[in-house]
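Each of the next two complexes has subunit A plus one more chain, namely subunit B in the first and subunit C in the second.
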Partner chain A sequence: MNIFGPMWLSIQLAFFTTAILLVIGTPIAWWLSQTRARLKPAVQAIVAMPIVLPPTVLGFYLLILLGPDGAIGSWWVQLTGSALTFSFTGLVVASCIYSLPFAVQPMQNAFESLPRKYLERAWTLGASRLDAFFTIAAPLSLRGFISGIVLSFAHTLGEFGVVLMVGGNIPGETRVISIAIYDHVESLNYAAAHRMSLLLVGFAFVVLVTMFVLNRRWGER
Partner chain B sequence: MRVSAVFLILLLATPAQAVDSVSVAVASNFARSATELAERFRAETGIDVRLSNGSTGKLYAQILNGAPFDVFLAADTERPARLEHTGHAVAGARFTYATGALVLWSRSASDCHALLSDENSGRIALANPKTAPYGKAAVEFLSSAGYWDSVSKRAVYGENINQTLQFVATGNAVMGLIAKSQLNAPQLPEAACTWEIPSSSYSNLEQQVVLLLRAADNDNARRFFEFLRSDAALEIIGRHGYEVSP
Partner chain C sequence: MIRLRHKLRKENFALDVDVEVPDTGITGIFGESGSGKTTLLRCIAGLEQGDGLPVHKRNVGYVFQEPGLFPHLSVRGNIEYGARRARTHRVESVPVVEMLGIGNLLDRKPDSLSGGEAQRVAIAAALLRSPDLVLMDEPLASLDRKRKDELLPYFDRLHDELSVPVVYVSHDIEEISRLCDHLVLLEGGKVAASGNLFDVVSRVDMPVLSGRNAGVVLWATPMDHEDGLTRFDFGDGNIWVPGTFEKRGNPLRLRIAASDVSIARDRPTSSTILNILRATIDEVHAVNTATALVRLGVGNQSLLAQVTNRSVSRLELRPGDQVFAQIKSVTVRH
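Let's look at the complex of A and B:
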């Protein structure tokens, strides 16, 4: 097994997950930042739950929900002919749930710290709500977006427990780098485990340094 | 300061290891048999047995890295022999406690043979051949019987034989190559087909046990080790679907 196959798979998984979370997470974060609804704490709790719950709880429910007999899985089988468990698509679904708080929370924080008068001025000048969001709120919340993107990307890269439960360790499909490392350690192939782990350590360091550098640069503006 | 004091008290108050308990590492396929053996042993001697389950390869790696086990019930002969060689196990004490069998099991289709040869019949679950002897036997059988080409592309790998069965039992895989001893697991959904794979098509599943070095002078561990070849133990092991040789 080469080192880069599982690494590349992990990067793809993290990329798709982050892209989807950016689309789903932004409206959730915006709603949470603006609303005074009584439901807000409940929604906040649901979003934050993957931080608290062990991966085994998520893995267990996903195994049942995404399997060919499950509520989502059976629907997916009808649609595409194959089940969601043991597939790359299934891992993307699992990762979106698993990494949701890491995308939403930084964005929500950024939106909340936005001076409300900016938005109100845009509205009085006739900008639509969507317009005001894209021209005023989004550019001013760039730091929140960057943190959300980097954190959900990094968190998905480090995902292990959920994948172990719903992945099935298939080369090129679900054997992501964390699973490949586990496999090598378990079979006492420490040389390969070292190579992959070092690759991941280096990668994580570069990604985080980049984030902090970008954050500082944008913060000074 | 107060918080750390509370923490310290909690640390000190963690249950001290019962002096007279035996720690046993158990290959997953033997987990339920071992539970029953432990209960019987406790009833006879009053000695507690603490069981840790996992794939044979994983437990082996843990033992090499200093895991505090007294007895290792493996699912092969190779790793117990290696532990003896490297001085991790008491020399000359190793013996075969059970011989397992490989079974193809499915919930959904009635013809086991057709499931194997039909490339579109769905996922097949195996245990990871690198760490689980039952997975290794499964790959040997599939290759020697000419099914590997049809199966390799749709195989999913359980971390150990229990996860392999779980994949099939939850309906996530259509069929699985599991241990015969798992067939009488409680709450197992009804099988649509069960096929015991001819033992000539894989190198055997002889399972050996070793007394680990740290337990060389531990009387309780030795008693449990010897208990494994008593008539009472052989009866339990045989009832779980293993071949035993008195």
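Let's look at the complex of A and C:
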């Protein structure tokens, strides 16, 4: 029994999810941190929803949405000829929604604590909004980015319910480590479950320690 | 001339300014807190919402009350930030760095600078953007007296050596009197007066220029030294000031506060006051029920005296009368 296959699949899933979340989560976090729009609480609630909803509820709706008859799923079938559900791509899409708050919230907090005077100074020194974001806001919010990256990576890695609902249990495609562990326990193969669980515990510990060390280093600057 | 024309409505404040200021030298904006000084500067820079061109396209340098240097960049990185984004490079880096005395700070990080050093770096950054106009919002207000005195000479140099026009907001009339050439008075978001500094400060009818803020500025040249005093000549008169000021032939600015000037009908013969000048009353204006401001002509210059209304009626002071002005103290711009 290969314990590294599911682990590798989980890492790939977490990597793609985190990369995509960095791209779409940053503008959302920035908008939330700067806006005074009345819409803000609603958008915040939608972003935070995956934290409070049971993964099964989220997975259920995603299954319908991403399925061949669903709004996104049918469009995807037209575009590529294959279904989103029970595929790796579908898992990435689902994970992006599932882990969205874990990327957005730390970044939003970092952006909100950024003193406005830095931005105003940058503008008066000739920087456009985008320029000021990349040269001033982003470097001064590194802690937020690191927390967002680590948390969404780790959270995707530990995902179970949504994967089970949307991805099922296809080796090499959707059989991520949490599913594999569940499988082993179901079939009373405790030794294999132990090995995989220990691997995950060790990995999570190393990742979190790295994050806290990095955060401390950036904090001291 | 530069035309400043800005309108802005906020919850309980409205700014409505339309005024022309010279395109050289330093223009002071003076007014009580809440009169809209900072709001006016922010409107000029485009930092308040609602009028047109985005901030980064306006080509104005802004020096904020707090230096606000970028903490992740070195001093060099901070002053180059604006220079790299400047459309023209009319202002050279080396003379500005030298003028502000920050050459030995370039490799330091902002958090290791004192408040005065940080503000000098912020000024350099704003100047190296090669702006068409520099806006300064109480750049000395966040500093204590000692740091302020350290920084003021740099502003004097800025005033003497810089060709870019500056709009300088302050609530400190001494700062304004020392640095500015032109003065705009703001009251409740509107321009109450605008003109040459020397003319505006000698007005008696401006509520914001009463009490501690009342006083004139005049040019006078140090001519003689005696008993640790310096004789300053101006127009038709002279004033003795404690201290030894170099006789370089060029006039210096003196500020004489209205509260330091009193009026006598006859020349006092036994007084500790050194400077007693023959003067003519130009205007008497009651500021409130108790006090009045009197503008006195001394040759071609003006003095202000703050006196009580009781004294005005007891001495029967009227425009055209010949009196004696007694000057208790004078502030000199070194």
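Operating definition for what follows: the second predicted complex is superposed on the first by the 221 of 221 C-alpha atoms of A that agree within 3 Å, B and C clash if a C-alpha of one lies under 4 Å from a C-alpha of the other, contacts with A are read in each partner's own complex, and residues count from 1 in each chain.
FYI, a contact is a pair of C-beta atoms (placed from the backbone, for glycine too) under 8 Å apart; a residue touches a chain by one contact, two chains touch by 3 or more.
For clarity, every value in this text was computed on a predicted model and none was experimentally measured.
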**Request:** Overlay done on subunit A, so just call it for subunit B and subunit C: clash or fit.
**Result:** fit
**Message:** Looking at A:E186, would you say it contacts subunit B, subunit C, both, or neither? Reply first, second, both or neither.
**Reply:** first
**Asked** A:P115 contacts which: subunit B (first), subunit C (second), both, neither?
**Response** second
**Request:** For A:V23, select first, second, both or neither according to whether it touches subunit B, subunit C, the two together, or no partner.
**Result:** neither
**Asked** Does the superposition put A:L39 against subunit B (first), subunit C (second), both, or neither?
**Response** neither
**Prompt:** Counting only touches as set out at the top, which of subunit B and subunit C does A:L79 meet: first, second, both, neither?
**Reply:** neither
**Request:** Considering only the touch criterion stated at the top, classify A:A127 as touching first (subunit B), second (subunit C), both, or neither.
**Result:** second
**Item:** Three-chain overlay, closest Cα atoms of subunit B and subunit C, distance in Å
**Value:** 44
**Message:** I'd like to check the shared interface: which positions of subunit A are touched by both subunit B and subunit C across the two complexes?
**Reply:** none
**Complete:** subunit B contacts subunit A in the complex at 55, 57-58, 60-61, 64, 123, 125, 128, 130-131, 155-159, 167, 170-173
**Prompt:** Taking the complex as given, what residues does subunit A use to touch subunit C?
**Reply:** 115, 117-118, 120-129, 131, 135-136, 139-140, 221
**Message:** List the residues on subunit A that touch subunit B in their complex, please.
**Reply:** 63-64, 67-69, 83, 85-86, 164, 168-170, 183, 185-188
**Footprint of subunit A on subunit C - complex, ascending** = 45-47, 54-56, 59-62, 64, 66, 68, 70-72, 81-82, 85-87, 122, 125-126, 129
